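One chain, subunit A, appears in both complexes that follow, with subunit B as partner in the first and subunit C in the second.
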Partner chain A sequence: MADALVRGGTSAPAAPVTARPGGGRRGRPGRRGQRLVEALFLVPAALYLLLFFGYPVVKNVVMSFQEYTTRTFFTGEAPFVGVDNYVNVVTSPVFDRALLNTVLFTLGSIAGQFVLGLAIALFFQRRFPLSGVMRSLILLPWLIPMIAGSAVWRWILDADNGVLNRVLEALPFVDAGPQWLTSTSLALVAVIGVNIWLGIPFNMTILYGGLQEIPEELYEAGELDGATGWRAFRHITWPMLRPVVTVVLVLGVVYTLKVLDVILGLTNGGPANSTQLISTLSYDTSFRQFDFGGGAALGNVLVLLSLVFAIVYLRFNRRAVDE
Partner chain B sequence: MRAGLAFALALPLALGACGGGSGGGGGTAAGDPDTLRVLDYYNDEPNRSVWQGVLDGCATEVGVSIERESVPGEGLIQRVLQASSSRTLPDVLMLDNPDIQQIAASGALAPLTDFGLGTEGYAEGVVDASTYDGELYALQPVTNTIALFYNEQVFEEAGLTPPTTWEELKTTAAALTEGDRYGVAFSATNSYEGTWQFLPFMWSNGGDEADIATPETAEALQLWVDLLRDGSASQSVVTWGQGDVNDQFKAGNAAMMVNGPWNFGSLAENPDLRYGVVPIPAPEAGGTVVSPFGGEAWTVPQTGDEEKMAKAAEFVQCLNSDENVVAASVGTNTVPTRPELTDDAVAQVPELESFAEQVPDLRARTGQLGEEWPAAATKIYTAVQNALVGGMTPEDALRQAQDG
Partner chain C sequence: MSTPTLARTTGRPAPARVRAPRKPGHVLVGLLILAFMLFPLYWMLNVSLQPSSNAVATPWLPFDLTFDGYATAISEQRRNLLTSLAVGLGAVVVSLLVATPAAYALAQFRIRWATPLLFGILITQMVPGIVVANALYSAYSDLGLLNTVGGLVLADAALGIPFSIIVMRAFMGGIPRSVIEAALVDGAGPVRAFVSVVLPMSRNALITAGLFTFLFAWGDFLFALTLTTTPEVRPITLSLYNYIGTFVSDWSPIMATAILSSLPAIALLVVAQRYVAAGVTGGAVK
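This part shows the complex of A and B:
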């Protein structure tokens, strides 16, 4: 595109100087045609973006400033109410809790997923019998529909009859198994745990791919200089893996901020809002309380959180790379 | 960047709105004038087949053919909103009774009195739920509610009788808690299901949804707190839906449960289980138990086609005929909403008696607050959870939720 513009720009002054209309006519339609073709190639992508990304984002922002209720669907009337929706959702007693939970859930999930994913990826860097099979097995959580996955986890974590507590209670020093999903202090930990389990395959796969890209010679050269084990990781693996780490973390945070199904399947935000996130609160506000304006406002808070994180992270990362 | 599910889900709704704006009733006008489109959420057995029989019978009687669509329960309201913005509402629409006023308020439903339909003989609570702003928008043939199921074998072995008061409920539940078995199970989940299960306790003690920060509601909540604290009920009640509660009772992990007649089929799968059903215990001996009523009602949406709407109204009237009400009641383990018909139904399904007895006293969840009900229901389950596991006293939990 930029290339076409530059070429178009240089040809414009050239045409009157030569004063050869024929030549100009021959050249211009050709270039114009080329530009048209180039533009046409962009149309599908642009349309797709507008329809499926532009429209929903704009619509959601507009909705968040409207009183958008069940009535709106029939009458089409959605009066503008300024920032009322934002004020309502932000001052609601659950909001602070949900915001804190969202931050804890995201940080906890990302830390766990990334560290375990990286450890497993490093482990699989060594070749050993059946490593290929085992690596594919680790992808399993990714293949299970989350509704099924969370139903199974609910059974595993059940305080009275769950397999986890049955095992724990068999240990000599445990009297009663913890109330994983039914106590306000443990429920968030439990759902973070399940989300880590869910996120490991993604982290491992991408990081493993990144590790494969690091040339073997670097390690050989490092070994000659005495860099093995931790030092090899610190000075060769980590710096070479940085771009992949950036991708994994940015995508991981965005995916985690919007997690909804895991929570709905496990605790539905409870008990007593102890696992309520901005995403579940948004869903609840829109689709259970029918306050679509308030739900949209919460959705935008989530977009804002993603944006803030992305900007901070990219800034930070660029500086690190520049150094 | 992803903006949560809110707008991902709103997208199809909004696009639907774009597409249908100019259509203006095109959806129905395009169809055959003698075909009524019916939308419901009876997509499980026995509901699907029993209602298919009733619908087919009425189609013959009214002289129309029907096109029936059954969607999963949780998808119905979204489907209705989508259809109402694209002006493709069905001719006959089934709604869960607490949703009627919400949808009526949007203007999508036609008042049934315009077509000469009336409510003679219906229980008062049922009429309340179907009425919005003084107009009748729905007719509900059958209803259900919740009662106390008890394991007969366990009670016989312990030499106990089913409790009739709160005090008896506490002592009986404590006496029957043993090993892996809890005395009682109920659903206190953070959803409308949890609210629905709490209402018989709250209402029977004089509590009211308009203001839940009252001593009456606090006493009811204290009862649940005591059951948990005594160990007579599992702490897991805060995550159990009614289906989970039924599973616990069916497996023998609870000697009693609060649940509804829709579980008869599932409980029959365990041939070793002998159970009885009694009304939910009252606060004091001889007190009246006020329970919420459940079940679905039939409405006539505003499709713009007057002639068809008249036929649809005739169809709804037919669904509520004596014969069809009894057929639906017996086939789906529900109770007629007109007390005069209960004897016929109970004669065929004796287990329904405890539920049928309650019909005259049943109360509508939306009877008082109308379309504000979802907000009140959220306050109630939030307070219940805060008191059960959130470390708050019932009084504080209710006060905080009410002020919220």
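This part shows the complex of A and C:
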């Protein structure tokens, strides 16, 4: 979609030009009525998005300044408490850990997904038998419910009977397989690994689409200049792929910041908060401790992270490309 | 975001030379990649076909083939599977009803706030689900929508609408203006032209948008987790989570449930591969 959006964004100014002849010819009464009918096509979608995305964002900001607990549901009272919720969640001992985990989880996931996704996309750029079927089968991990993927990984990563440790223990120099999901030092690595597996299909597919857009002639011409292999990638593929890379990375970060299913399915944020993210902490605060004000404050921290990243990245990237 | 030009390397006559890679090697590497990506799914299937595998290392192949896991899963999860089915189908209907006219308007009309709306659609992708759930919970509580299929349908449709608008808009933008104008000249109003000309022509885009919306709604976990609390309305994703949340003594029915919950995705790839391809290239929101 990002691709389509970007294209849509740049081609939008051109639309009126193509539509003008029709509009000019039909300058008779009833045109205002027609305008109204046309607007009605958009009203349901606009309202829906306002109700299910706009309203929650605004409501969350309001809630984050209120003492909003289970009592609120009975009494209807949610007294305003200023920035108390923010102070509480930010000074809680878990917050620093969750913030650090969120950054590590996002960076680790994106790095792994992107590099592996790009490598697989480059590989599938060559034509060979069955490549089409293989490319669609690789999508499966992304299409099944995330919680189903998490469930099987939980069993694969099981310290005592999981298949991964069985393979590792069969190696001559491994005594006992690691406690993937139950040790505080490894659990974050394990959930990042699973999230990379989940994200490869998305990265691979979008990057593959971008690779297909690069004209074959460029490579043929490059070959004459001696640009093959790594040099062809550096001087032809990478610069041409750059806009798609931007889209994949921005969407990837934005989506990874929101991740919650994978963590809840694998570790529930444990052991000892070692895989707690801002998103899971927000869920925990709202729906397990019933402090909806605190949960809202954490949710807003998440939105802020996402916004700051998108703005900084897009600004930085635009400058880098312009130069 | 212009890309650096390659003036240095372009503009030469391209030689007609086709690279002929060693294909067996490629197929082998491709299969290895596939094995790496699909092993967890194989393992899901393998465990689901084993007899009770508590505290025992699962054999590599289901030699001792049994469908007991599925029997247990179906008898325990039938209701939840049906709930997910109802939620998924409901979300498809709501999402298509709302998104199709909007996609058409954005593709073909001259509308001043088309760009802000498209930007808004992009922004929706940045809103974390937990933020939506946090606010919806209290609203749903006031409206009596907690623990209802209808409530989940409305929330899950919201996941499909931005994606559907983008996919269908891209397709409808390709419908020649003259076709629609011909209908208008024949006396059809904009609504008639939309229903009897645009919709039939956009059949494939509608199918793609519908299929993906179904998958989003079927696979949704966060809204199921936060907006339902009773066993009466419990989507399959939530019940799978409850399953693995407790101490697990037998993985075989759990993996059978995971397989059942993955069936729509698998069926989609087998039956409707071209629509999936269209959806993924046209857009990739999840």
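Quick notes on this structure:
Keep in mind that, in the parts below, the second predicted complex is superposed on the first by the 275 of 323 C-alpha atoms of A that agree within 3 Å, B and C clash if a C-alpha of one lies under 4 Å from a C-alpha of the other, contacts with A are read in each partner's own complex, and residues count from 1 in each chain.
Here is the rule we go by: a residue touches a chain if its C-beta (ideal position, glycine included) is under 8 Å from a C-beta of that chain, and two chains touch if they have at least 3 such contacts.
Please read these numbers as outputs of a predicted model, since none were measured by experiment.
Of the two partner chains placed around the shared chain by superposition, subunit C is the only one that A:239 touches, whereas subunit B remains out of contact.
In the superposed model, A:196 makes contact with neither subunit B nor subunit C. Judged by the touch definition given at the top, the superposed model places A:257 against both subunit B and subunit C. After overlaying the two complexes on the shared chain, residue contacts for A:73 are found with subunit B and with subunit C alike.
Once chain A of one complex is fitted onto chain A of the other, the partner contacts of A:265 are limited to subunit C, with no touch recorded for subunit B. In the superposed model, A:140 makes contact with subunit C only, not with subunit B. In the overlay built on the shared chain, the residue A:129 is in contact with subunit C alone; subunit B does not reach it. Of the two partner chains placed by the overlay, subunit B and subunit C both lie in contact with A:300. In the superposition on chain A, A:121 makes contact with neither subunit B nor subunit C. Once the two structures are superposed, subunit B and subunit C can be ranked by residues of subunit A touched, with C on top. Looking at subunit A, you'll find residues 55-57, 59-60, 63, 72-73, 154, 160-161, 254, 257-258, 260, 268, 279, 282-283, 286-287, 292, 295-296, 299-300, 302-303, 306-307, 310 touch subunit B in one structure and subunit C in the other.
On the side of subunit C, the complex with subunit A involves touching residues 1-4, 6, 8-12, 14-15, 17, 19, 21, 23, 26-27, 29-31, 33-34, 37-38, 40-41, 43-44, 47, 55-58, 97-99, 101-102, 104-106, 109-111, 113-115, 117-139, 141, 154-155, 157-158, 161-163, 165-167, 169-170, 177, 181, 189-191, 194, 215, 218-219, 221-222, 225-226, 236-237, 240-241, 243-245, 248, 251, 254-255, 258-259, 261-262, 265-266, 268-269, 273, 276-277, 280-286.
Interface of subunit A with subunit C (complex): residues 1-6, 8-9, 12, 15-16, 18-20, 22-23, 34, 37-42, 44-46, 48-49, 52-53, 55-57, 59-60, 63, 68, 72-73, 120, 123-124, 126, 128-131, 134, 136-156, 160-161, 163, 166, 197, 200-202, 205-206, 209, 216-218, 220-225, 227, 235-236, 239-240, 242-243, 246, 251, 254-255, 257-258, 260-261, 264-265, 268, 279, 282-283, 286-287, 292, 295-296, 299-300, 302-303, 306-307, 310, 317-318, 321. Put simply, subunit A touches subunit B in their complex at residues 55-57, 59-60, 63, 69-76, 92-94, 154, 158-161, 179, 181-184, 254, 257-258, 260, 267-274, 278-279, 282-290, 292, 295-296, 298-300, 302-303, 306-307, 310. Looking at the complex, you find that subunit B touches subunit A at residues 1-11, 13-14, 17, 21, 77-78, 81-82, 84-85, 102-103, 105-108, 180, 189-192, 234-236, 238-239, 253, 302, 374-375, 378, 382, 385-386, 388-391, 400, 404.
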